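The following pair of complexes shares a single chain, chain A, combined with chain B in the former and chain C in the latter.
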Partner chain A sequence: MKKKSISYAKWGYIFLIPFFVVYCIFALVPLVQTFYYSFIEYYVDTGTVSIFNPDGNIVDNGFCGFANFKEAVTGKGHFFSCLGNTVILWLIGFIPQIFFSLLLAVWFTDIRLKLKAQGFFKTVIYLPNIVMASALGLLFYSLFINNGPLDSVLGGLTDKPSLMDTIWGARGIAGFINFMMWYGNTTILLMAAIMGIDTSLYESAQIDGATPTQTFWKITIPLIKPILAFVLITSMIGGLQMFDVPTFIAGDAGYPQGKMQTLVMVIQTGKDSSVGLVGAISVMIFIITAILGFLTLKVMNDDGSGKKKKKKPAKG
Partner chain B sequence: MPRSADVVGESTGQTSLLIRRIVAYVVLVALVIISLLPFWLLIVNATRGKVQTGLEFWFGGSLGGNFKVLFSDNNQTRYGSILASFGNSFLISGLSCALSVYFSALTAYAIHVYDFKLKKVAYTFILLVMMVPSQASAIGFYRFMIKLGLTDSLIPLIVPAIAAPSTFFFMKQYMDSSLPLEIVEAARIDGCGEFRTFNSIVLPILKPAFAVQGIFTFVSSWNNYFMPRLILSTKRTIPLVLQSMKSDIQGNPQAAHAGAMNLYMVLAILPVIVVYLILSKYIIRGIALGAVKG
Partner chain C sequence: MAQLKKVLAGSFAVMMAATMMAGCGSSDSSSSTADANNAGNGDSAAPAASNENELKDLAGADSTKVVNIYCWNDEFKSRFEKYYWPKRDTALWDGVKYHFEIIDNKDNAYQIKLDEALKTQANDAMKIDIFLVEADYALKYVATDATADVKGVIGLTDDDLKEQYKYTKDVMTDAKGVLKGVSWQATPGLFLYNAEYAKDVLGFDEPEKVQAELSDWTKFEAVAEKMKAKDIFMVSGFDDTYRCFSNNVSAPWVKDDKITIDPQIKAWVDQTKKWTDNGWNNKTSLWDDNWKAGQKIDGKVFGYFFSTWGIPFTLLPNTLATSKEDGGKEEVGNGGYGKWRACAGPQAYFWGGTWISGCATLDNKDIVKDIMLKMTCDTDIMADITKGEQDYTNNKAAIKKLIDGGYKNDFLGGQNHLALLTEAADKIDLTNKLSAYDQGCNEKFQGAMKDYFMGNGSYDDAVAKFKDEVTKLYSNLSM
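What follows is the complex of A and B.
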């Protein structure tokens, strides 16, 4: 038996080749280069740059220590204001998202409530998630644009600026789209977690005279805590990458007043100019994501009976 | 919110249950309306004319006209070929989907079936890099593609699908639950080569996993705006055309044609919605398995 497994070992390596070759070229090398750029004074002279002549105007002044990070945090990188915008946009979507998802997940799994047409409801609430985010962004943009269909209803014939021209209006619209796209997904994840709870717990609670509110706070919430944490952190990681919706609502500069500019928008707009600065911002995104990812693993592993236990090897 | 019930009396319990049920249905119906209304307005607006003020909830008569405008020469010079944008999106998503599921299965198979020295290291590595968001290395990716001469090419949007850690993870989990090693052993005894065993015996067993992951990969690639925007400059995918349409209604609302724009959006999301509605049962089961990361 042992001999056999040795003779087949080379096939394991052979089958891994495509993954690792492609991963190195298209992900690992770029990641290393991103870290490299973050310590290099590297930019493209935007005066004459063209996509067909990308090498002509590159300025590479070599190692510059933490200057890029300093500029990202204090100077024109706007790191903290963009991070703040990203977090606000994420919160506007996430708070109603987790509220309604919990509510729906509890209702769908309630053995006494016995809701009908669950398949239909689940299909509909998940639907926005598979729709192109940029199309949703453009749809809302075209609805709220000055004198557009919704603006003319909301503002009538007055000269009031469109909702989208106000900071909180624009943020609200983008946050709403994020809510709409993700609450179905979260509902289904939480449902799976709640259905994993032993039903005899609910039955005995019912016999003991517990109200639905009591069972929710005393049984459901404590038992789905790991999944709740997982949802929270993965949603944070996803929120950090927010790009499509705010770009379509507010444009590359994050109109109005740059209050809609997210971190990833800075990467996209600076890719042909301030490469070093963008590299520094990317590294900071990477670090925040790594911390959040580590937290996810920790949360999943702390839960002794969790389904996600398979992830354990990741901690090595 | 659920009402706390007076648990002593049975009849009060029944009434409170009824109230809770009514509240639940009201909230659910409200959410259904919120989720569907934008799409309804989109479809209605696709049948309305060039300038759209005021909300309409029923179809207008300009659908045919909008089709003509959308595919008119004027529009093609403004936004590039409309058909080509669909072609590019189909090509990128279709190939990404096929490459991703096949090679993720192959990678998972290597870890699942064989014993070799670096197995643990390789497995740990893939699970760790699952966390790395592609945006974080985007700038290095873009500058590196310039060096390789691959900007404005579809290759950087397709080939990376071969190395998809989260698809790999799903395949590995699926194999853990439904690919017994005895099948592989039996194939070996019958003299079947390793590669052929994978292609003709293992792949059919993985069909359900292929379906779920294939749809997710296709959809996320079809909807992707960040990567094509990073790489492409003259070629366009659907989200890039949407971007030009957006700058048009923003900068020059008089020239933009709202009806044609809405029609284009309907066409852009239609294929995905149709597939979703046919397969929603499997897709929702797939999410519940933790197949999709937020």
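What follows is the complex of A and C.
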């Protein structure tokens, strides 16, 4: 093919180089290392330290097959129990999150409702997302602590255990914080999707006598399905990595009864000593996340709109 | 309209952010009070303006011109700036700055960061000169090449150290008999009680009489029952009595990489379960907001087990009605100041203790020696610290001088608690009680037992949970 026009394509690649260099050093290499360590019997004795023999407390017994994975699933890793806790915590936050986000997004974009002071409300609902998760966690911890301000209101002066001492109370608080932090973000995403829908569809539906409920289920939902799928799956991926909020509520052992212990808490507890075990758990999270990622792409492509969204990290 | 919206949105954002920040601020009031406390104490240290010692200013600096100190709170920093800095050897310090690297102790965070730094010391341009270690993990650093020989390398002599308690030296002496660190405090434990409640329930508040009522656990429980009748908790939470047992164990947590739960630890579990079920404690965990709230004079908690550092660092700031940062003074009439008393309690024990160690690769040896001499051996400075900070310093001569001089502690209503502490300090023996893994074992064990105390499962469930958590934290250990 004869080249007559100037190609700017190479500049795209050149500008991408910094990203790939940084990605390789800070993400790809550790990722490969994690896979490597997950098959190695490798741990660190943190009960000793040395300046002149810095690696003297590392025990590396070489390849050990799937022993780390076995330990993670059936032994002290408690993989499936922690995965269950993580998913439950995520669901408690996500269900109200998607409900309120849809409701608010529909209200904000409704052509007949024309809500006033939208900018104000949009700012307000987004605000909790800006506050650090740990700050919110700490705040709720001191509110609900046994005989704390809210616990007293809820009858903490009786002998009843405080909310944070019960499994579902603690889960509820952590889920509520996640909901509060992320519903604003989701609302904005869904609003963008709804505003992308041709308003003439709504107008004609109204002329045909469709009720708001009908337009919602028959027009809005089918047309924002790809974005909904995107929200769902990015939130799931973020939810799998949930750590800071439940840690502030329940400590890294997941009090009560370890029912608040998420996968990342196990990783955080063991990362300085049980390297092989933690590597195995990380690899399993990676696999689950990868499957979810492929699902996103598939759902979006199936829609036929041809629009591919770049996956970006989201939480909640 | 658009303008109004922007103003509204903006102001709301500020309000919301402010309330969030306020929320966190109050929930963490102890540390901020402690900061204020130390800021107040540090006023004589004006020449050492902290901005001179920011890390960014030290980048590329000559390491011999910077004394780097690693620690986990500002206890040592405030002592250093108030008692050492004014009396430092100015010739030694000519042109030399100091830098404190403060890393929180919780969840082994301090040990992890310190270890990372130590591992690269051999090649780093910027050398650590001093790091602090706590009783819970002192042995880890004693047994390594990371700590410098106090006598052989740094140059302190037996004569310098003669007034220190022997146990503080024994802990820091390695298998070859080399001393690896020195301390400015001895940490005998006492029971500090609310005198108003004592008068109300027992009818008297004199320490000798109260001690007679609390001299063993059976009597202690009898008083707890009386307190309960008046809606007062005997102790605040689960972990308050922990050190009475954990520091009287027959063997350390870990021996030959094997974890054992000592009978004394089990005794703590049984006792705390009983007390929780009987409503003798307020179900708090150590350091949490509610635990602190009980230290107010009307906090509905009779007493706290504390070591010497517990008074200045915890009880005093927590019991003031108007905190120092709000302009309150440390004087009688401000909350619980002057309304607490100390007695020996049912069980002799110790709690904590901080040692100063020189790093093996230190490059300011003479300054480190000067710091160690003045901060742990100098009788006058030690006496000043005890007077000024209510700390029990590690110098028998200084303490004796204070007692002979008619020492009175205003916070304890004029009581001379040094005599009590001296008695307790003489009894401390840490032989075969400590291991390098104690911090993780203590934290994980207390955390796991909370389920059992609250009635969420059996003791065996809690032990199983402890085993899982502690072996994740220390993978080389088994149980």
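Structural remarks
In this section, the second predicted complex is superposed on the first by the 271 of 316 C-alpha atoms of A that agree within 3 Å, B and C clash if a C-alpha of one lies under 4 Å from a C-alpha of the other, contacts with A are read in each partner's own complex, and residues count from 1 in each chain.
As a convention for this text, a residue touches a chain if its C-beta (ideal position, glycine included) is under 8 Å from a C-beta of that chain, and two chains touch if they have at least 3 such contacts.
Nothing here was measured: the structure is a model prediction, and the numbers come from that model.
When both complexes are superposed on chain A, chain B and chain C end up clashing with one another. By the touch criterion stated above, A:Ile237 is placed in contact with chain B alone, chain C being left untouched.
In the superposition on chain A, contact of A:Gly148 is made with both chain B and chain C. Greater residue coverage of chain A by touch, when chain B is weighed against chain C, goes to B. Judged by the touch definition given at the top, the superposed model places A:Ala135 against both chain B and chain C.
With both structures placed on the common chain, the touch criterion links A:Thr34 to chain B but leaves chain C unconnected. Once the two complexes are overlaid on the shared chain, A:Thr213 sits against chain B while remaining clear of chain C. By the document's definition of touching, of the two partners only chain C reaches A:Pro161; chain B does not. Look at A:Ala9: by the touch rule set out above, it reaches chain B but stays clear of chain C.
Of the two partner chains placed around the shared chain by superposition, chain B and chain C are both touched by A:Gly251. When the two structures are aligned on the shared chain, A:Asp45 is found in touch with chain C, with no touch to chain B.
Only one of the stretches 26-34, 152-160 or 458-466 belonging to chain C has C-alpha atoms clashing with chain B in the superposition, and it is 26-34.
Overlap of the chain B and chain C interfaces on chain A comprises residues 51, 54, 119, 123-124, 127, 130-131, 135-136, 138-139, 141-142, 145-148, 251, 270, 275.
Listed in rising order, the residues of chain A touching chain B in the complex are 5, 8-16, 18-20, 22-23, 26-27, 29-37, 51, 54-55, 100, 103-104, 106-107, 112-113, 115, 119, 121-128, 130-136, 138-143, 145-150, 152-153, 180, 182-186, 188-189, 191-192, 209-214, 216, 231, 234-235, 237-238, 240-241, 243-244, 247-248, 251, 264, 267-268, 270-271, 275, 278-279, 282-283, 285-286, 289-290, 293, 296, 307-308, 310-311, 313-314, 316. Looking at the complex, you find that chain C touches chain A at residues 2, 5-6, 8-9, 12-13, 16-17, 20-21, 23-24, 26-28, 107-108, 111-112, 114-115, 118-122, 140-141, 143-146, 254, 282-284, 288-290, 359-361, 435-437, 444, 447-448, 450-451, 454-457, 461, 465, 467-469, 471-476.
The touching residues of chain A, counted against chain C in their complex, run 43-54, 59, 76-78, 117, 119-120, 123-124, 127, 130-131, 135-136, 138-139, 141-142, 145-148, 161, 165, 251-253, 255-258, 266, 269-270, 272-275, 277. On the side of chain B, the complex with chain A involves touching residues 1-5, 7-8, 17, 20-21, 24-25, 27-28, 31-32, 34-36, 38-39, 41-42, 45, 52-56, 103-104, 106-107, 109-111, 113-120, 122-124, 126-144, 146, 151-152, 156, 159-160, 162-163, 168, 173, 176, 194-195, 198, 219, 222-223, 225-226, 229-230, 233, 238-239, 242-243, 245-246, 249-250, 253, 258, 261-262, 265, 268-269, 272-273, 276-277, 280-281, 283-284, 287-290, 292-294.
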